[in-house]
Structures are given as C-alpha cells and as structure tokens.
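Shared between the two complexes below is subunit A, which has subunit B as its partner in the first and subunit C in the second.
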Partner chain A sequence: MKRIQKIMTTVATACLMVGNVLAQEPINGLTIIENVYNRAQPQDQQGVLTMSLINSRNEERVREIRQFIKDDQTVKKKIMFFLSPADVRNTSFMNWSYSEDGREDDQWIYLPALKRTKRISSEGKSDYFMGSDFTYDDLGDRRPAEDVHKLVREESINGIACYVVESTPRDDEYMYSKTITWIDKEKWIGVKKEFYDEDGHHLKTLTVTESKKIGNYWMITHSEMHNLQKSHRTRMLLKDITVDQGISDSQFSERMMMRGL
Partner chain B sequence: MISDKGFAKIRVILPLVLVLSILSIQLVKKNSRMETDLDKYMPQNHPAFQFSDSAEARFNIRDGVLLAIESDSSIYSTATIQKIKDLSKRLAQMDEIDPSGISSLADADNIVGSDGTLDVKPFFRRVPTSQEEIAALREAVRSNDMVAGRLVSEDETTALIVAEIDDDLFSQEFYQELLALANEFSGPEKIHVAGRPIVEGSMAYLAPKDMKKMVPIVILVIVLVLWFFLRSIRATVATMLVVLVSTVWTFGLMAIVGIPIYAVSTMIPVMLIAIGVADGIHIFHHLKQVQKSNPQTEKTSVIRTTIKDMWRPVVVTSVTTAVGFISLVTSEVYPIKYFGLFTAFGVMVAMTLSLLLIPAFSMVFGISPIRQKKSGRNQPAMSWLVSFSEGANRRPVLSLGLTTVFILFSLWGISKVWINSSFLDNFEKSSAIVQTDSFVNSKFGGTSTINVILDAKSPDTFKKPEVLTLMSELQNTTVSQSPWVGNSFSLADYIRRMNRVMHSDSAKYDIIPNDQNLIAQYLLLYEMSGDPENLWKVVDGSFSTANVTLQLKSDNSKASNEALAIIEKYRNKFNEHGIHIAYAGSGYKALIFTELILEGQIKSLLLSFIIVALLLGLMFKNVQAGLIGTIPIVFTAIVSFGLMGWFNIALSTTTALISSIAMGIGVDYAVHFLERYRSEIREGRSPEKAGILTIQHSGKAIFGNALVVILGFLVLLFSVFPPNRTLGILVSLNMFLSFLGTVSVMYLLIRKTKLFTSKGGRL
Partner chain C sequence: MKYIVIFLLCAFVYTQAQPNISGMVRNYTALRLQDDPEFAMLQNTFRLDFEKKSGKGAFVTNLYAYQYGTDVVPEIRIKQLFADVYFNSLDFRLGRQQIIWGKADGVFITDVVSPKDLREFLLPDFTEIREGIDALNTSVYAGNHTFSLVLSPAFRPTTQPEDGSIWKPEMDLPVNTVRIDTTRQDVPLKLSNSEAFFRWSAMLSAVDFEIVGAWMWDDEPALHLNKLGHPTSSGFVLDSLVISPEYHRLAMGGGAFSTTLKGLVLKGEAGYYYGKMFRTSDPNYSDGIVEGNYFHYMAGVSYTLAGIDLHGQFIQKIILDHDDFFLDEQYQNMITVLIHKSVLRETLHLDLFSYIGLNDADALIRPTVAYDISDGLKATLGANIFLGDSGYFGQFDDNDMVYVKLSYSF
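What follows is the complex of A and B.
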C-alpha cells in the first residue's frame, strides 16, 4: 500500500512539473511594459530633433534642436540647443532626471539674450515639453511601477503583431486616467498609444510612424502626438543620430550651455 | 354693377376666414420657433462681422459668465478659497462650460520667479490652511497684476470666476442652474452671477415674455375704447377681428415659409394693431354717416355704399403703408428685412379683410342702428377740433411760426439723439441683473469687453520691442483716459511680467525689454513652462496678429465709442509698423449691428417717403396733393425723433423701428383727410365748408383712431420691461403727432394752397 502511495505521489509530482513546463507562465502586462522600459539603450546619443507644432488651423511652427543625451543608470542627462528659429538660436535647455525615487528633475535654461543660465523648477512630470503635445512622461520617462498594467489583447497594426496593454495609474491624481499602448512583440517598442484624461475621455493619440535600428538599438525616429480635444498636433523627427560616442560628462554643464554650438 | 343680392354672397368670406385662421394657429403652434441666438441676427456676410467672427475663432474670444464671491472682510480664508476652488470645479462639470475656459484663482497661471528660477504654476494646488500659507498666497496675488484686480478685487473682498461659454449655449435653464449653484455656495459669502451671456439671454427671454403678457391687455383696452368710440359691439368685434386675423395669418405665413420668430418680430402685432384698426374705424365711421344721411335704406345697400366710397382710401392707405414696410428690405439685417416684409403682408391682409370681412360680418350679424342723439349735440360734433383747425387756418403766420419753432426745436433735439446698443440698459435699474453687473464693475475692470485686433502681415511683428511698447502705451492711455475702461490685457502684459520675474521681481523691469531676441526667448521659456494655450488668446502662432482685450464698465454705445475714439488716435502709429487696427467681440458687434439697423431705417424712411409722395400724387392726380399728403409723416418723424433726443430716449433696435409707424399712420390720416376734402369740394362746397365737414367726418375718425391706439398703447407703461414702456410711449406719441400734423399744418396748407379748387395752382 505504501508503495502504491509513493508511486502515486511521484506520478502526481511529475505530472505537476510537466504541466508547469508545458503551460509556461503567460506573459503579463507588467512584463511587457518592463521589457519596453528596459529595452537596450545607448549609453549616450546625439542627433537633431525637428519638432513641428501644428494648431487646429493647420498653422505649423517648426523648431530645430540639437540634442545630447547620456544615461548612466542613476542619472539621465540631456542637453538641447536650439538651431532655429533664428531669434532663439543657441537658447539651451538642460535636464537631469534621477532614477532615485521621488527625486525631482533638475532643469536649467540659458537665454543668450540675457547671457545668464537660470534654474527652472519642474513641478511635475506632467508638464508639457516645450509647448508640444508631449509631456515629459510621454517621452518615455515614466517608470513601470507607477501604473497597474493589464494585457487586454493582441492584434496587428500595419502588419506589426502587437500586445495591447492598458495601464492605470496608482496615483488617482495623475493627469491620465488610463493609457492604452500597442507594443511591437518583436522589438519591444511602442507603435501607438492612446491617452485618456481624468474624466476617461480620449485625450491624445501617439502614432509612431518610423522606428530605426541605430547601432544595436531600436529607436523611434518619427512620431506624431495628436491632442484630439485641442485638435493640436506635434510631430517629432529625429535625424543624424549617433550612439555610444563616449560623450563626456563635462558636456552636460552650465558652461557648455552658455558656450552654445 | 353687382346687385345687392350678389353682394350678399360676400358672407362666404366668414367661414373661409375662420378655416384659414384655425389652420394658421395650428401651423404657428406646430412650426414656429423663437430665434434666441443673437449671432443669427447679425448680417453674417458683413465684413465687420466676418472679421469679428474669424478673430473670435482665432483667439478663442468668448463671452464669460461671471461669478463673484463677495466676502465680508477678506477672501483670504481657507473656507472662502475652498469655495472658489469647489465652485470652479462644479462649473467645469456643467455641460455648457468648456473646462479650459474657466479662470479663477484656483486655476490661474502664476508666472513667478525668485532668484534663479522661473515657473508658471497654479497659485495653489491644495487649499492653504495655515496662516502662513494664506499670507503667502495673498502676497503672490498682490504682486502679480496679471491676476490682482482681475480675479481678486483690489480691496480683496471679492474673487471672480469667469466661465466662458459659446454664444448659442445660453438658456434660461442654464441660468437657473447657475443661480442654484450660487445659492448652494452662499453664506456667509454672497455670490453674484453676472456677465454678457446672462444679459443677452435674459433679454431674448424677457422681451417676448413680457409682450405676451401685455399685448392682451393692450387689445382689451383698445376694444373698450373702440366700443366707446364706435358705440357698436358689432363694429368693434369686426374691427378687432380684422386686426387679429391679419396678425394670425402673418405668423402663419412665417411658419409656412420656415422663418423663425426674431425678437423684432414681436413688434409685428404691435404694428398691425396700431395700423390695422384704422381701416375698421374709417369704414364704420363712414357707414354711420351713410346711415345718417339715408335713414330708410336697407342694410345691404348701406354696406355696399360704404364699401364703394371707402375702398379707394383703404386700398391707398394700405398700399402706401405696405410700401413703407417693404422698403425695409434694403436693410442689411435679416430680421429687419423679414419684419418689413411680413408686416407689409399683414397690412395687405388687414386691407383685404377690411373690405371683405367687415361687409360679410355686417351682412351676417347686421349693423347697429344709429342712436338718436339729442338734437342739440348732433351738429356741433367735433366743434373743438373744428375751432382748432380753423384757428390754425385763420392765423397762418402764428401757426406756421409755431410749427417752425417746434420743428427747429425738434431738429435741435435730433442732434442729441444717440444710438444705444446696450443690452443692459434694457433692464430696470433696480433689477438683479443690473445690480450684480454694477457690483462686479465696481470691484473689477468691467463686465463688457472690446477686442482690439492688431493685424500685421509679416510674422514676428509682435516680438518687436517697439510694437509691444506701443501696445502697452495704447493700453495705458485707454485705461487712464476713459473712465469706462477699467482694465486691459495683451501679450505686452506677459512680456512685462516675464521681464520682471527674470530680474528678481524688480518693479524697475516691469517694462518691455529692448531686445527682440530676448522677447522671443522669454516666449519660448513661457511655452516650455506654462500652458501655451493661454498665449494663443493674445497672439497667433506666427506673431503676426495680436488681440488686446479692453474691459469696459458699461456696454452702452457712449462708453464703447469713447474707448474706440482713443484707440483710433493710435491708428497711424500702428500703421507705421505695418499694423492694421480692427475690432472684434460681442460688444463691438452689437455696436455695429445697432448702427446698421439705424442706417437701414433711415434709408427706408427716405425711400418710402419718396414713394408715398409719388403714390399720393398719382392717386389725387395732383403733385401738390402728393407733397401736402407727406406733411403728417415728416412732421411726425421729425418731432418724434426730436422728442427722443430731448427725453434722452436712445435709438435702439426697437425705438428705430417705431418710426415705421409714423409712416404708416401719417399716410393713413393724410389720405383719408384729403380724400374726404376732395369729395366735399367736388360736391361743390366752398373750401371753408368742405374743410369743416372734413374735420367733422374724417377728422373725427382720425381722432378716434388716434385715441384708440394711444390709450391702448399707454397700457405698456405698466410693463416690467423698460424697452416695452418706451415702445408704448413712442407709439402713442407717433399717433398723437400724426393726428396733430394732419389737423393743423396739413389742413392749413390745404386751405392756403387752395388745393383741389379750380383756383388751386398745380405745381
């Protein structure tokens, strides 16, 4: 009798083990978002960003910015120099964001006409980036742990197989009540994202129109954010990108801001 | 010639009219709708309106509902600030209100800078509770004149919430909701609800509502006086039927062709009542005379003779009146065009019915027998009027002299007439609407706005220091020179504020910096830190067009014109920079609108005056008669406008239209009087005898007509809506003046020119 019991237990255990292997934990929302967040990024990069702001009357304002970014895991430093329009040329902007919990970004601006660097305070990540339809968070700085993620379905967009993840903020006060992201299953890169306002109304749609592999990294090069409520759009084009060139830390300083390009 | 028997068939008119009237009532009930969107009244393709509409769209210029929170001592307490925040939130939840169109202390942008930082942030996120926090908030507001005096009064007792709404969204229900909301939050603070949408909306609602209440009383009084004058219930009923049926058919036609009822359309019944009773009075008055002179004649024959004698003057008076109204189609304002056309239609219906319905009615219901008056009182009838007119005739120098003085005095008065496009002036001074408005005006810059649109063709014009400095100067001059302009706001205020906070909040730097690049960089900085949407309310994306908002403490035309006159002085200076000045906004549109109405009214008066003179000349085949016949109109028009000037009654949409009555009534009186006089002359009477008989006959009818309408319309003096009171006074005044002009100056000239006699020279 004891033997039989032992065999039974062994068989049952074996079955369980086999079952575990066969069923394999299904991928969940959080994992998908983490995969995107942790997608391999260059240590540093530089390029020219063209930002077009288009209002409801289709009037377009274009700004060209040369940007340098360096990320050493504890702090992500970014410095931007305006190339055009001419009246703001060499105006520069520097942002240091910290991975440390709760620590706010440090921001500086240099106005060449004033010949002085000013600290500007950032009240929050929900500030709009340079008058565009992107907030700092939208540009990819939001940590996965700040939201609850749920894989809602899988579907194809323009022939790209995607996971569709719905993310709800843990903080009720956050500017979005939820976001829905379409993520390329292969490249772990966003393809499309919908933002819903505090009242649950559709606020914005981000569409990625081009992603490129630069070096070993997948990067978004063309994207458009459409604010449906204000019928305002922002188009971002990234070109002349170089990565891992070993930009020195001294590049990200007030002195460099003042020196200009 | 139709036989009496054939004539009797006219009875079929009665059921026909009945059926058509019932159909009209059904149609009106089913299809009519009131037009309450004031924008629909404006000529949409007029350049000034097109420009204003496009500027309103570009800069998101909308009228705001104002909620003022008045505290006993200071708004700086946790409870009051909490109320400001909660009220703002509740307003944002209302369907009519776009949350981004709300400005209050709870969501205003505060551009701040202390050493080394610049930021655009709300004044508070959480409502401050400690004394220190509240003191800090107070200091923040005080030092920011983009908010101090705008959202918090200078004396700190009152805070303002502005909620912009689209023009067509205002309704009485929404207003009631706002009042309920204000009530809910009241105590200890008082909450006042004001703003242009409320004034406009209440007016569009109150005027017809008051009319609905008053018109039946007017009709009742007219019925009584009419009965008193005609001494016959049947005649009174028949006359009123004509007036009422013509009104009903007119509105029925409006419903058929799908034209909505505009506010001015509520004047149509007024016009038709005032003008329409004339036909009935003259017909029945004449009928009585026919009865008197042929006491034995049978009723069919009496009615026939009356209609035979009267159809000509009735048709001529009606056609000339209708022409007067049709001439209003020259107006650029659609509601006025429709008003003219439909009133003309109503006048023609009244004419047709007078000639068909009155005989039909009299055939069916009979005619009242003449009362046997005491013989002594019979002949000297209207003796006072005879002595008056004859007196005028006998002392021509005195009466012409007096008339000239009267006319000159009136012309002087006309020079004092002013146009008023104010909506607020339509309300009682003691009404809640006027009271809250003046309260808000006493605490803040002003409840009315004018938008000055500065338009340059080249981009970045509004980043130029000299242009911004000029803008700032324009604002300062307007605010300091005009007592009506309480505040102003433009891109220059943003630049000055930023220049100041970027220089350690030093008041010395509260100026436009003299460096275009710096201005551009400030603007970039603002876009990076604040909500750039606010910027696009004062300038467009290419910085080639700017919007300067002036806040006015009154919406009347004097205030607006005064402000505009100051701005006009800057036209050349802005021109030097290639900038064109234009205006926009609801207050400005109302100003232009009123001027357009007036212009159209004067054009149409002149036009119809010429046509009437021609028609009268044709009717009497005598140019002189045509000219003399226009005397009552000219007299009435000049004197009534003159008295408006003297009594400080401003020209507005309503008051301008009343001059149409001068036309309609003046012609009627002249035609009836001339027609009778001519027929008396033709019967071979001497001018003097003909004159006396005319006064006793037509003069009496005219007097009766004037009396009926005057007493009827004086009822409007009891209206709760001031413009309707003015309407009552002016209609009565016009009736009286037309009567006076006919029996004095016109009579005098008829006699002096020996009109219609063989000796009377033809021109």
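What follows is the complex of A and C.
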C-alpha cells in the first residue's frame, strides 16, 4: 500500500513539475493571436462608420455608414446602411458569417435603384470595400488557424508595449504573403499591422490611432490604412457606438434592408 | 394647375414633416447614328425625393420632372407617393408604389406588378422604366419569410411608344387603310376590375426564393382586327382594317430562386401565364386573336473573375398549344450578358450589357463608361447598338446611338 502511495505521490509531483515548466514557457505567436481573436466582444453593437478615402493629391471622398452587428457565437450578422454620398444613399449590405470552419459567408445587397435585394457571392474577400484601402477580408475576423504565427519580437509603439507577430497564410493563394501585427500586451488589440503583397513587397500599413473602452469592451475607433504602393489612404472613424442593447434578430432581414433607416 | 398643386403639396410636406430631401439633376443627350445624325434625345431630368420615416411608419414620394428638347413645360411623373404603417410583424403600404419582383436582370418574367414605360424602349434606367401602381401592399413577416398581398383597384397599363416615335414597332399590315378604334381599351374603375398579386419570399442561408401568383390585366393590349372588304368572284378582297386595342385578364403563377456555390451565384425564375391573347392568322379567328398559355423562364449565373463581374442569363418563352397560324414563334430564346469592372477606387465603371436574340440573330449591345467626378457628380458615355434586320431588337437597327449623361445626386 505504501508502495502505491509513493508511486502516486511521485506521479503527482512529476505532473506539477511539468505543469510549472509549461506555465513558464514563453507565450507564442498563436496564443497571442488567439487572445486577440477571443477577446471579449459585445453580443451586439451599433455605430456610425465614416470612411475618408484620400488620394495621392490629398483629395478626400467621404462615405458614411450606419452598421448593426449581432454575434451569437455561431453566426455573426452585420447589416450596413449607406448614408452618404447621395448616389448610394439607402443602399444596404448584409453579411452572415459563420463560426463553422469552411462555411462561406452569406451576403446580400439592396440597391434602391433596382428596389430589390440581391444575393452576392462572398468569395471576393480580396475586393476592396467601397473603393477604400480595406479589403472585405481586412474588415472581417480572420480565424487564427488560417495562418502560421510567429512571435518575432517585443517592442513599444508610442509607449504601448507590444508583441510583434508575423503571420503567414497556410493558403498559398491568399492575397497577402504575410502580415506583421503589433499587439497591445494589455488590451489584446492590434495597434499596427503591415501587409505584404504576393511578391513579398510591403503593400499597406494599418495604424490604429484610437481605441476606447465601450462598456466592458476595448474597441478600435480611429484607424488609417495607408497603401504605400499607390500612395493613397483610408481613414476609418467609428462613432456613436452602443453595445449590448439587445438588437432583435429581425434587424438582420430583407425587410430592414429594404426599409432602410 | 397640376404643377401648382404639386408645388403646394411639396411645400406642405416640407413644412409639416420636415422630411429628408434628396434628388438628382441629369442631362441626357443622345445622338442617333445615321447619314445625317440627329438628336434622338435631349432630356433634362429633375428628381425630387421626400422621405419621412419613424419606427411606426413612413411617408415617401419620388417625383420626376422631364423636360424634352425645346419644350418649356416639363412632364411631371409621380413614380411613388405612399405611406407606410409598421407593426411588429406586419406592414401596410398604401399609395403609388414601384414593386419589383423576381431575380432576372433586364427581363420581366414574374416581375409583373409595376407596369413599364416603354416609350424609349428598354433604354432608360430600370427604376425609371417601372411605373408606380396605386395599391395597398400588405406584408406579414415570420422569421426570414415574408408574405405579401398587393391589391390594386386601378389598372395601369404599360406605356407604349407614341405614333411617330422611333421606338414604335412597325406592324406588317396587308392594307394601307387602317383605323385605330380605342373604344374598347378602357378598363373601368370597378372593384371587379381590380388586380391582386401574392408573393411568399424567403431569404435563408442556403437559398433565397419566392413563390408568386397574380390575377391581373395583361399590361399590353391585344390588337383585335376587324377586316373590312367586299366579296369578289375570286374571294374576299380586303379594303381596310380596324384595329381595336383591348386589355384582357391574365393569370400567372411562378417563382424564383438564387443561391451560391463555390463563388458562383446561381439563379432561376419561371412563370406560367394563363389566358394570354396571341396574334394568329387562323381564318377561324376573324379578329386575329387566339387565347393561349405560355411558359417563361430564366436560368442565370454570376461569377467574378480577376475582379471582373460576369453575369449571364438564358431566357426562353414557350407558347403551349402552338400552331402554324401563330404569328409569334413557339420557342423564343434570348441570352443576356453583363460584364462589369470598376477601377480607380471604384470611380471609373466599365459596363457591357447585351441582349442577344437567338431566334432572329439580333442584339442590343450597350457599352458604357461612367466616371464619378466627385461624390454625387457622375458623367456617363455610352452607346446603344442594335444588330440584325428583324426581331425584337433588330427592328430598331436604324436607331444606333451614342449618348452622354451628366448627373448630380444630392
């Protein structure tokens, strides 16, 4: 009996030692990206998104969108109503994104000129959203498993201590050959991201200029995407944000797309 | 007087409701390509939209003022003027409204509610081709399903090109002496002459679909013939013809769907029409009209390749119980192709839309280049090229044109 107790004590001690060793192991790239991906998010949110498209001559075009988002962990629904410019006013766009691996998003657009809702393909992730420097993929939540992540260093940006993670896509056909992200160690949000094109050249840099705590959640409110190869930029400003207001499922429907705001 | 009433209405709406006001100003100049080119269109358009919305309802108007050539007085058209009332799972819309059904682009299969303005053939923007109808539109919502019932007490037919218009189809008549008798073409404003349309639509993850039904008037009149002549020893000799346009009841049932598959958008639409009046040369039908049924369907696909949007549709119309006397062919086949590309951060839009008639080897080719000069200000350069000698598009082979549109939205 004493022999059995001794063996069990030895095994338990060994397990504790292994656990301690694991706990002390430095954090890796995948864990960092998963922490960002799994950061607490509101069940629903709404706000007004202003996109300023600035060309190489510093001429500016402004698009304003009111968006509603609801996430029940299995499906994330987003509906956007275009407020300006005048020629796209009352256009709406809806996206249903699924947590299930491999399942494509469902997307619809309502064009007031056609007065009907059209289903569109969600395959065009590399298309630029409304002529901005953000692709549809840039605006979505890319799953950590889609890339290989490597922690390359730790450094501070504007006094913010960051992890710097290089992410290389598993899919060779992906539009970027790699991205490098600076992640705030405290808030688990990205503060800067560099995008490299298929030839490995630096294409774009995303800089987060402001993030705010709305309710219990850290959210990016000001950001700018700079396309270095074409010398144009897109500033994105999110305002009038409310979270966890209990937005009804019926908000994400053909009825609302057609009715508008 | 009409303009004063509309002005006062606009002023009243603005002062009472302080609605959102938007609109568009546009110049449209088209040059018909022929030996001595002439202006096919000199049009200035002013669109004014009033919108007042709340969680309980809405009030919407879309007014169009078209000024043509050297005309001083513009033509005013009210495309929409309606009020909405919203409940939890129920909406009512009462008034003049444009209602668009179906999944097909550029063709009308189950899209039968709003009549069309075909005075300029199929060339205007589609929102301007559709006329509003005066109706009560009731919609009930259950999850992602919508059930709509549209009741329209006043039949409003498709507006046809006027006599002398370059878009008036030529009729192949056996005599030169023809009189048009319009006494039969009115549909009195009676309850029994109402139209009813039903639609069940759903927007689901796997598929969007709609099932529709209609008890309506055919938007296009049947042209009943009265042949006047005298008997001779060699038979009946035709002296003159009286054509009596008359609208007839038509029933339709059908449906449409769209879904995605590996980057493709697949869609289909079909309608079965019961009680259509067809033209016939059968001597047993002295007025040249025979009643029949037909089936009309579309199969389409869309795909984006290297940033270029590609859309194709095949459309077929099949007349059932067809015989050799029918003036229309039993199978009428057409395809449409749309190629679209936006460049320069979506400020330059390149489009090529084509209707291709397979029966008569005719086509309408519509290339356009549109540039967003600034937000709301857009310049469009385009052409309408008709190919073929006969057929729905080939009959307008002399109407090839280039055009410029400059529009400002506010």
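Methods note: the second predicted complex is superposed on the first by the 237 of 261 C-alpha atoms of A that agree within 3 Å, B and C clash if a C-alpha of one lies under 4 Å from a C-alpha of the other, contacts with A are read in each partner's own complex, and residues count from 1 in each chain.
The definition used in the following text is that a contact is a pair of C-beta atoms (placed from the backbone, for glycine too) under 8 Å apart; a residue touches a chain by one contact, two chains touch by 3 or more.
Please read all numbers here as calculations on a predicted model, not as lab measurements.
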{"item": "Subunit C versus subunit B on the shared subunit A, clash or fit after superposition", "value": "clash"}
{"item": "Partner chain(s) touched by A:Ser250 [first = subunit B, second = subunit C, both, neither]", "value": "second"}
{"item": "Which superposed partner A:Leu53 touches (first subunit B, second subunit C, both, neither)", "value": "both"}
{"item": "Touching partner for A:Ala113 - first (subunit B), second (subunit C), both, neither", "value": "both"}
{"item": "Touching partner for A:Arg61 - first (subunit B), second (subunit C), both, neither", "value": "both"}
{"item": "Subunit B versus subunit C as contact partner of A:Lys187, first or second or both or neither", "value": "neither"}
{"item": "Subunit B versus subunit C as contact partner of A:Asp87, first or second or both or neither", "value": "both"}
{"item": "Touching partner for A:Gly131 - first (subunit B), second (subunit C), both, neither", "value": "both"}
{"item": "Subunit B versus subunit C as contact partner of A:Glu104, first or second or both or neither", "value": "second"}
{"item": "Partner, of subunit C and subunit B, that touches more residues belonging to subunit A", "value": "C"}
{"item": "Overlap of subunit C and subunit B interfaces on subunit A (superposed complexes)", "value": "53, 55, 61, 85, 87, 112-114, 118-121, 123, 127-128, 130-131"}
{"item": "Touching residues on subunit C, where the partner in the complex is subunit A", "value": "22, 24, 53, 58, 84, 86, 91, 98-103, 125-127, 130, 139, 141, 144, 146, 201, 203, 205, 208, 258-260, 262-265, 267, 302-304, 307, 342, 345-347, 372, 374-376, 378, 409-410"}
{"item": "Contact set on subunit B toward subunit A in their complex", "value": "58, 116-119, 121, 460, 463, 502, 515-518, 520-522, 524-525, 527-529, 531-533, 536, 540-542"}
{"item": "Residue numbers on subunit A that touch subunit B, as the complex places them", "value": "53, 55, 57, 59, 61, 82, 85, 87-88, 91, 93, 109, 111-114, 118-121, 123, 127-131, 230"}
{"item": "Contact footprint of subunit C on subunit A as seen in their complex", "value": "53, 55, 61-62, 84-87, 89, 96, 104, 106, 108, 112-124, 127-128, 130-132, 232, 250, 253-255, 259-261"}
